[in-house]
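Each of the next two complexes has chain A plus one other chain: chain B in the first, chain C in the second.
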Partner chain A sequence: MKTRTKLLGAVVLLSAGLPVAGTADTSDKRIALSNNYAGNSWRQAMLQSWDKVTKQAVADGVVAAADAFTTAENQATEQAAQIQNMILEGYDAIVLNAASPTALNGAVKEACDAGIVVVSFDGIVTEPCAYRIAVDFKEMGRMQVEYLAGRLPEGGNLLEIRGLAGVFVDDEISAGIHAGVEQFPQFKIVGSVHGDWAQDVAQKAVAGILPSLPDIVGVVTQGGDGYGAAQAIAAAGREMPIIIMGNRQDELKWWKEARDANGYETVSVSIAPGVSTLAFWVAQQVLDGQKVPQDLTVPFLQINQADLDAALATTPEGGVANVEYTLEDAKKVIAGAM
Partner chain B sequence: MRRDPRILLPVLSLALLLAAVFWVQPRAMSYFGINLLFNLAVPIALATIAQMFIIMVEDVDLSTGTFVSFVACVTATFLVETPLLGSAILVGAILVYAALGALIHARQLPAIVVTLGMSFVWGGLAVLILPAPGGAPPDWIRWLMTSKPPLVPMAIVASVLIAAVTHLLVMRSAFGTLLRGVGGNARSVARAGWNVTWLKAAAYGLAGLFGVLAGMSLVGLTTSADANIALRYTLLAIAGVILGGGEFTGGRVSPVGAVIGALTLTLAGSFLSFLKLSPDWQIGAQGAILILVLAARLILRRGRAAA
Partner chain C sequence: MTLLSKPWIWAYLAAALTFVPTAMLSQGVGGAWELVLAALTFAAFSVLVGLGQMLVITMGPGNIDLSIPATMTLAGTLSLKYMDGAAGTGAAGLAVALAVGLACGAGNYLLIRLLRIPPIIATLAASFLYQSLAIWSNRGLRIKPPAWLADFATGAALGVPNVAVVAGLLAVLFWVLLERSVYGRWLSAIGQNQRAARLAGVPVDLVRMATYLISAVMAALCGFLLSCFSGGAALNMGAEYLLISIAVVVIGGSSIAGGNSNVPGIWGASLFLFLIVSMLNSYGLGAGVRLIMTGVIIIAIVAVASGSRRAS
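Showing the complex of A and B:
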């Protein structure tokens, strides 16, 4: 027990914060990850983070097992069956990235009724008995304008790059950006294009709208579009505004080059795929008997000027900046939601 | 006499798979466990029966999945808020199915193309009804799907009931014989004075009816709908019919086999997940199980032919 505490403390100490007495009563508990999709770099990073953190947790004896399961076809009915299988296998908690916010509710309810803790994240479920770790996309949009207000107190014109039309996330981030503009009325959005979270689409869209725009001081984005915007603006021979980046490797690389060349400054925000590990620790905390609110919010991963080199060094080519969460982080998130 | 071996193989594969599941996961060997293993097979079994009616008349329905999704969306919205309108929409959908059957026969259209086209229509309607996932099941459906009958779990009672009713209809009634005749030799049925267009309409209408039942039971289990909820049912249903001893030609189908085929397919997925097989391999392994059963069928038939 003592070494376990020490090891746990060491794990916590490694990444952030002080060691805590996390003598979890969960060493015989088994946690399963039910994941609906693994077909892009973000999901791959998410699974790798899960594997890395939970393997260590199992080795340290924090939990007995933490198996990951991904459905083959990204279908709600298939994932519902997967969850029912997990109930049968007697897992104590199910961490869930759901194919549908509602279509799994029946299976989730069955899991709850069987006494299983269900923690959903990223793709959350609406069933009240489950825990939800949601992303505050609105805040992600609002804080971009707040950052710009700090840099440019006198304000100015902004270009907004949106995501994929008709997707919930796009509406949320955009709503947050507009709320930010209301809060800092010295800014004005003079143009808005859809970049579909892809650099090439964003580049084309920005290049298309630029000739019709007055001078812009900032570009507010949704991630995956900052590099494309920079390319388009550079090609048009305009002065480079402050472009908010989205943690993609190509964006960070461009930022670093611009910084080295002329001291360019900006900020980068997105959701870290390692949020799966936050969900893992939240499940562990619930199993440990801690009081955890049903609804939690994921902190997003923000890269500031000072963190740029470190972030770029750890981000794989073509990937997304990532962070794995610790037990301590989870406790902070839980305490913050109380 | 010759029906017995046809049903023997599906039964045997199911029993074998069930034994394997119980061996890997003894916890499944209970009232609660069996219900969990099979409750999601009930809508699949109904969808498989729907597909069977189409295959019986020598067509294939590529819209089963989207149709069931559409029905699920109607069930989770209209059937709750305005039961009358909801029922009318569902009855209308069955009539559309019947009309399609008549059209396909009257104009000699390829069913694959027509149903593929319809799959986009159903899919589009489903998105229109429920642009974002949501809705709720009517209370009585939820009650039905989560009911706990004494001794035997709901999933098994439902499966036996579906198999028995369709068996009586297809294999024992004069009407069923006629329908199978359409698949076997439509021309001779027509020569005998029957209106094949009406018979095809009836077969498609029955498919529509069972598709509706599949969608409703699915919502009862999931408690809400989603425009993409049942897309994989199209191929599962076709596989279920074939696994259960049906054939694409000649009106040779077995309702009991189709239900067992659906249960087997569901169980195969669970079995692979209990084995902790990597998901990358699961689709392949599921396919391998299918091929194995079909290979066994071929060998069995050849053995019989030789004897």
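Showing the complex of A and C:
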């Protein structure tokens, strides 16, 4: 018995020392997802993508566990406590969608000091020891105005729908939009409302500001607000401007119906909720001992007029257009940032 | 001077005061009318939740319903999932929403009564349960309402938005309930002094149960109409209605200490809350300034209204 154990141990030692393809080395590693909010369709899709991809990875023996945890109150203090629990539970890596870019830095530093790999995505943290998978939100705002400039060379008045006031993402996209307006000065933002990335809130806010607005040629948005804006503008009996959509299924469906009815053209842009799976693979790569830069950028998901039918066909009814990432995608993103 | 002594008049004055400068910016007569229609439409949703919250707050200190957003979300989600956009399911869908409201209200009351948890904790804890059920039942997918329900919720009869008509009729019903029914008398009696009311033979437990049920049913109705209005139920659709439901009660001139409620003020305050955001948006003020000014103005109105109440 004893010799057998010894033998087995020797085999394990040997195989661990062998320079295999670099996939088996993480099979005993446990990864946790620390998520601050689950109360909208984007976050639900994000969690479902995580579940789908990591279940397969666990079944394939790539990692030992990939558990998802969501805080109830979307509070940084609560999430900091959650991270501390994960440290105590001995996870090897924490994938993090943070409630605040700075308030979690203390907890993140504790995790790093305990030898835990921290990969933040979407809601990133500024703590230098963590990895960041950021979206170029500024570019997401700027390209909307660029698209409008291509469609309407003579320019005109724009309505801006912002997200949730006080959130980093909202400031970034809005800064990008304003940079775009500086680049294409034929456009002028004549009104700005907060739609909180929710169709009903956007609908209410747009209905309230519309009576005081001159004619508008375009609506620049942040996602999850385009359908609500279209409803409010239709209710006011105004001519439909070009509304930039945000990849939600109801937005794409409305766009398709308008296209079929009168040739309506626009563009749709947002981040794929599946970015959580990219973060998972990046964490796996770091655990695997690969060299990974601290700052990575994930491309946003853009749907053009020509892609509309295909995108609509693959988006679940009432959900959001999505992409799930593979290990190869992660390797490409990492190589691109080197 | 009798009109000025009404506690609800301040909400209407405030609404008028915010309407005029916003309408001045609007493009012609059509624009001002457009603003009136938008205000009536969106105020209607605040009125629905506000009426229910008003009854709860009338029962005196400690009584509040924090489960309104979650109840709205759960009712909207389950009813739209049940209807699944099919024609001829409207009445059944409404029944599902109202049944969800009854169940949520019963859940709240059971926690308060059987476990003797203070309402503020009980309704907050219950709301986590309702919200989780909504997430679990449909994973945040937005199912479209049946076409005719969507048309009804966004449509208008004789120029007045349908949802405003519904909220108007219900406000009248609540006024009758409060001012002309024995339930209303009981409710005020409990709010003024629960112990005295109990000794006087008021069925306090029955009235409390009925009140939490009514509040939840109103939230469910609001969730149902809002989902039909905005093209589907979203998981975060009720979020802003928690603060609104309490604010319209307070601004509307009801006593936050209970025992004294005010139906007309709910409408005035709901119109005001929509118009002030529209006004500050129309004048292009940033979110920070907007939130500060909203807070300052609400405090000012409550101070003025309660000052005038004391004077009278």
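Here is the rule we go by: the second predicted complex is superposed on the first by the 270 of 338 C-alpha atoms of A that agree within 3 Å, B and C clash if a C-alpha of one lies under 4 Å from a C-alpha of the other, contacts with A are read in each partner's own complex, and residues count from 1 in each chain.
Operating definition for what follows: contacts are C-beta pairs under 8 Å (C-beta built on N, C-alpha and C of every residue); 3 or more make two chains touch, one makes a residue touch a chain.
Just so it is clear, the structure is predicted and the values come from calculations on it, not from any experiment.
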> A:E89 contacts which: chain B (first), chain C (second), both, neither?
Replying inline: first
> Touching A:Q203, do we find chain B (first), chain C (second), both, or neither?
Replying inline: second
>> Comparing chain B against chain C, which has contacts with more of the residues in chain A?
In response: C
> Now for A:F69: first (chain B), second (chain C), both, or neither, which partner does it touch?
Replying inline: first
> Of the two partner chains, chain B (first) and chain C (second), which one does A:A107 touch, if any: first, second, both, or neither?
Replying inline: first
> Is A:A38 touching the first partner chain B, the second partner chain C, both, or neither of them?
Replying inline: both
> Which residues would you name on chain A as touching chain B in one complex and chain C in the other?
Replying inline: 38, 72
> Taking the complex as given, what residues does chain C use to touch chain A?
Replying inline: 22-23, 25-27, 31-32, 34-35, 38-39, 41-42, 128, 131, 135, 138-144, 154, 226, 229-232, 234-237, 239-240, 274-275, 277-278, 281-282, 284, 287-288, 291
> Which part of chain A faces chain B closely enough to touch in the complex?
Replying inline: 38, 67, 69-73, 75-78, 80-82, 84-85, 87-90, 100-107, 109-110, 126-127, 168
> Which bits of chain A are touching chain C when the two form their complex?
Replying inline: 38-41, 43-45, 48, 72, 162, 165-166, 191-194, 196, 198-201, 203-205, 207-214, 227-228, 231, 235-236, 248-250, 316-319
>> Quick check on the complex: what are the chain B residues that touch chain A?
In response: 25, 27-28, 33, 36-37, 39-40, 43, 132-135, 218, 221-226, 228-233, 266, 269-270, 273-274, 276, 279-280, 282-283
